[in-house]
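Every chain is named by a letter (A, B, C and D) in the order it is written, and numbering of its residues begins at 1.
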Amino acid sequence: MFKRILIANRGEIALRVIRACRELGVETVAIFSEADRDAPYLDLADEAICVGPARAADSYLRIDRVISAAEIGNVQAIHPGYGFLSENSHFAEVCRSCDIGFIGPAPEAMERVGDKNSARALAREAGVPTVPGSDGLVASEQDAVRIAREIGFPVLLKATAGGGGKGMRVAANDLALASAWQQASAEAQAAFGNPGIYIERYVERPRHVEIQILGDRHGNVFHLWERDCSTQRRHQKLIEESPSPRLPAETRRTMCDAAVRLAKTAGYYSAGTVEFIVDQQDNFYFIEVNARIQVEHPVSEMVTGIDLVKAQIRVAAGEKLDLRQDDIRPRGHAIECRINAEDPATNFRPCPGRIDRIIAPGGFGVRWDSHATTGYVVPPHYDSLVGKLIVHQPTRREAIDTMIRALKELRVQGIKTTVPLHLEVLANTAFHEAQVDTTFVERMLAG
Amino acid sequence: MFKRILIANRGEIALRVIRACRELGVETVAIFSEADRDAPYLDLADEAICVGPARAADSYLRIDRVISAAEIGNVQAIHPGYGFLSENSHFAEVCRSCDIGFIGPAPEAMERVGDKNSARALAREAGVPTVPGSDGLVASEQDAVRIAREIGFPVLLKATAGGGGKGMRVAANDLALASAWQQASAEAQAAFGNPGIYIERYVERPRHVEIQILGDRHGNVFHLWERDCSTQRRHQKLIEESPSPRLPAETRRTMCDAAVRLAKTAGYYSAGTVEFIVDQQDNFYFIEVNARIQVEHPVSEMVTGIDLVKAQIRVAAGEKLDLRQDDIRPRGHAIECRINAEDPATNFRPCPGRIDRIIAPGGFGVRWDSHATTGYVVPPHYDSLVGKLIVHQPTRREAIDTMIRALKELRVQGIKTTVPLHLEVLANTAFHEAQVDTTFVERMLAG
Amino acid sequence: MCAALNPGDIFDVKKVRRLIELMKEHDLSELDLKQADNRVRIRRGGEVVAYSAPAAPPPRPAAASAETSAPQAPAADARMLVIKSPMVGTFYRASGPDAAPFVKVGDRIAPEKTACIIEAMKVFNEIPAGVSGQVVAILVENGAPVEFGQPLIKVDPEA
Amino acid sequence: MCAALNPGDIFDVKKVRRLIELMKEHDLSELDLKQADNRVRIRRGGEVVAYSAPAAPPPRPAAASAETSAPQAPAADARMLVIKSPMVGTFYRASGPDAAPFVKVGDRIAPEKTACIIEAMKVFNEIPAGVSGQVVAILVENGAPVEFGQPLIKVDPEA
């Protein structure tokens, strides 16, 4: 096992990794930007090093500074968390060349799954269904029209380098496609510096179901079942749960097997997520792989009892996973609500600022993952996540009741949060009946 | 199900019951003394009624005031928590006569198990082993000597009305017995107003193992396996865990069956605990029944996934428990540390006062049950429990590591707590090896 | 003036409590707030707590250990006595639906005079006034539930 | 007056709290804000806190030697300039083990003068002083790790 690692991240996921390390007896070096200097979780690390000013591009995203910090911090490995450098295969390669362990998949596997195009090719190789679409990037608007007619309207245009809904457009016919093409290319260029676009059939009102996988460097890949993340707003996940409430047992099993097959084909190890969309007829299509720990990983931890972050660290240290697939049995139902510093009254505008007082919920079946304490100032420079509230109960109905109870117990004074939105979703009959797809929240808010 | 219940208690257990009620959709009426007027958990109740001044004897222990509060609060039932009126069968009877539900066992069952003498008779009837001793109270010092010679020295003298170690004396021979008799009688009279004493064989360095039972009013009694509470200081439990780390599987099974048999013989329903001592040869002897929810109930909840307080309320409302004994399988290992407002440096003197700042631990496998918040004032009038830290992990070793991590994360500023004592125990090799009996902590502190 | 401390609310205990907590938190020994005729001055350690408002006599120009005369402020209200409920129960002003109330506003009462009834567990407890003076207000509706310590009747001992 | 303390809101607890925090943060011993007839005065350590507004009588020259003018103390220190590390890495005073240090205490430096080297990822980055003046202190040991923004060298621009 490592003696000392560096955590190349901030906020709740940095705290999450610190907690795992403290339990494993691994020392931690935290890095921070000047905006995070006073963050209380830094006190829990063995050392904390300032790597730059508030702007992420000058601090958390600067590979040279992170590697320098790893060198002066004298660590054996780096945990990248999520976001920032976590899916940057170049960073993983730099770590390797500096002889610093990277707590994640190998750079080669990361590259194979990282680009949407090569990921689709990988899926085909592994016999995993994908949404019908262009085989690779579309060269021109003319090609786009031809391909769209082949696979059938409506179609979805997606940036190859994209994520979080940016650079995505739906077109229902030739005419709409022309303008969508222009917009998507321009947006992709602006947001990702890469105008590459591909086209696929647009699946209406899909569910977002993803499979958690976990592999070691000895050829073992396991799945930890699925998470349903259909409760989204503008492609941002709000609520995640496991198991997926309406998924037929046979479909679940087939998806899990497909995810493991795909990971094995890619030579993937560490934690990762294989994302699918599921249509109204329960057909599933591979979308992409998230080659990192995800925000919503706790719901899988609750139902399986497996600590994913500790497992990542063990795998990176070369340990063999002491698991058998048949023993990974989901127990009960887990739900996570992301508590963001956003104001529902002003269209969810980020609402950074000082938390005058916070009271965390507790009790049976409640887990609270948050770096926020009374007096903590949510900086305006990063994402607005202030905490994750996770519940675990024998049934979905009980999990919903516990979540409502816990959300009402949670007090965050001084800033606005998404708590009211969560309460609205959890009180919604369609949510109770699991009649949820990725358009649910917006339909609910619209009326 | 009840529409509205009253909680005849305070502090963390009052909050625990409020949480259960909120999840069940049951309204709550909290009562409070003047010393608890500003307690933040009262805000979570639907109504809060002051029943008297700080002194418990004038507030929480006043049956007339509690019943009056129930009447003006218009409730259908009362949850007594633990301590205070929870094991007062007269109170349970008054509830019945006022047509208010009592969330606990029937007064008859409570009486049968409440007196140590009749409890021993009950155990014999149910075929549950008891410590060899006097069949009932001992009339005189002369009788005491005769009985002690029969069952063999060393012997233990116990007050029939006692608890918490008061009125207990060990005697190793005739001479010691004479003075022990005098002291124990006097102490029992002073503490409980009842000088009745009985004698039993003194078991050296026993473990304290108790079985959680749960029954309904339809004749079903289940066990939720055992808790090991051997880590005590002066008969006060400090750390409880489940499963009991050194208990042979066969002994565990036999003890659980014995506890269920005893409860069925007593006509017991609701939650309850059957306490045993286990000697160095793994022989077990029945000690007593705690006819209420216990402080340490969360460890059983974590390993079984069953919410005991919700189950109590459902049972009191007449529901049948939707359980099967074979499905109640313990998963992993749970440990609870009681965080008391006591100063380890001054021989654990209670240390009430204002909590200037509290940061609760969180993350995977951590549960925090506490009514304390930043700014909360621990009143000097009641017990010193400020919170219960519970962890749940696949193995005991991992549970210990998580508990240490969580204890170090917990910040309670402004008052002294037992956190340092817990850390000392958890770092102790004998504790790691589960070489723990009820004398362990005192031996550790002595040397 | 701001909503946080309206001059009319200068005696608002919650606000003062918050000020005192603030002082304790930061270990301040004195705090003095003035605006127009309003003033709040709190000192710790020496433990003098004083408030004054327009109607009150002008506060002495500071620091002095003198300011002992405490809440002089709403001079009228300050001398009022309050009969509080000694138990949890239901408040009744009369011995029965048709009976006359034990006391009405304006009545003069003496300590042994029954002020009201609190019914608890079917027992009707007659509550003696315990004080002398003139009844100036009945604070609870007939038949309303009351908790321990709840103010029931306001009495002016000097009227 | 500053935005943080509108005279109309002189009794606002939050504002007062922010002032006190501000003082603690900057370790001020006294704070005195006046505008027109409004006044807020807070002292720490010596422990007098006072605020006053229009109609209030002028506060007495206060409980002590108090009303003295702020922290005059580190007047010298206030003018000092500090060269901070622009990156994470290892601090070196010279270009090699046998070379002379780039700067020593007492040296006069100009902005373009190399002050030190920060080694990061095997790259030796020469760090220009960026300021003019006389070196009064080297704050980091040769070969020590430094973080972004860490003070390295203290320079007196007026010496």
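The definition used in the following text is that a residue touches a chain if its C-beta (ideal position, glycine included) is under 8 Å from a C-beta of that chain, and two chains touch if they have at least 3 such contacts.
The shown structure was predicted, so the numbers you read here are calculated from the model rather than taken from an experiment.
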item: Both-way neighbours, i.e. chains that touch chain D and touch chain A; value: none
item: Identity of the chain that, by mean CA position, is farthest from chain B; value: D
item: Approximate Å spacing (C-alpha centroids) for the pair chain A, chain B; value: 43
item: Chain B and chain D: spacing of chain centres that average the CA atoms, whole Å; value: 56
item: Geometric centre distance via CA averages, chain D-chain C, whole Å; value: 50
item: Per-residue overlap in chain B, given as positions that touch at least 2 other chains; value: none
item: Chain D - residues contacting chain A, complex; value: 87-90, 120-121, 145-150
item: Touch list for chain B against partner chain A, complex; value: 15-16, 19-20, 22-25, 40, 44, 298, 301, 305-307, 309, 331-332, 357, 359-360, 362-370, 373-374, 393-394, 398, 401-402, 404-405, 408-409
item: Complex contact set, residues of chain A against chain D; value: 34, 49-53, 59, 64-65, 67-69, 71-73, 98
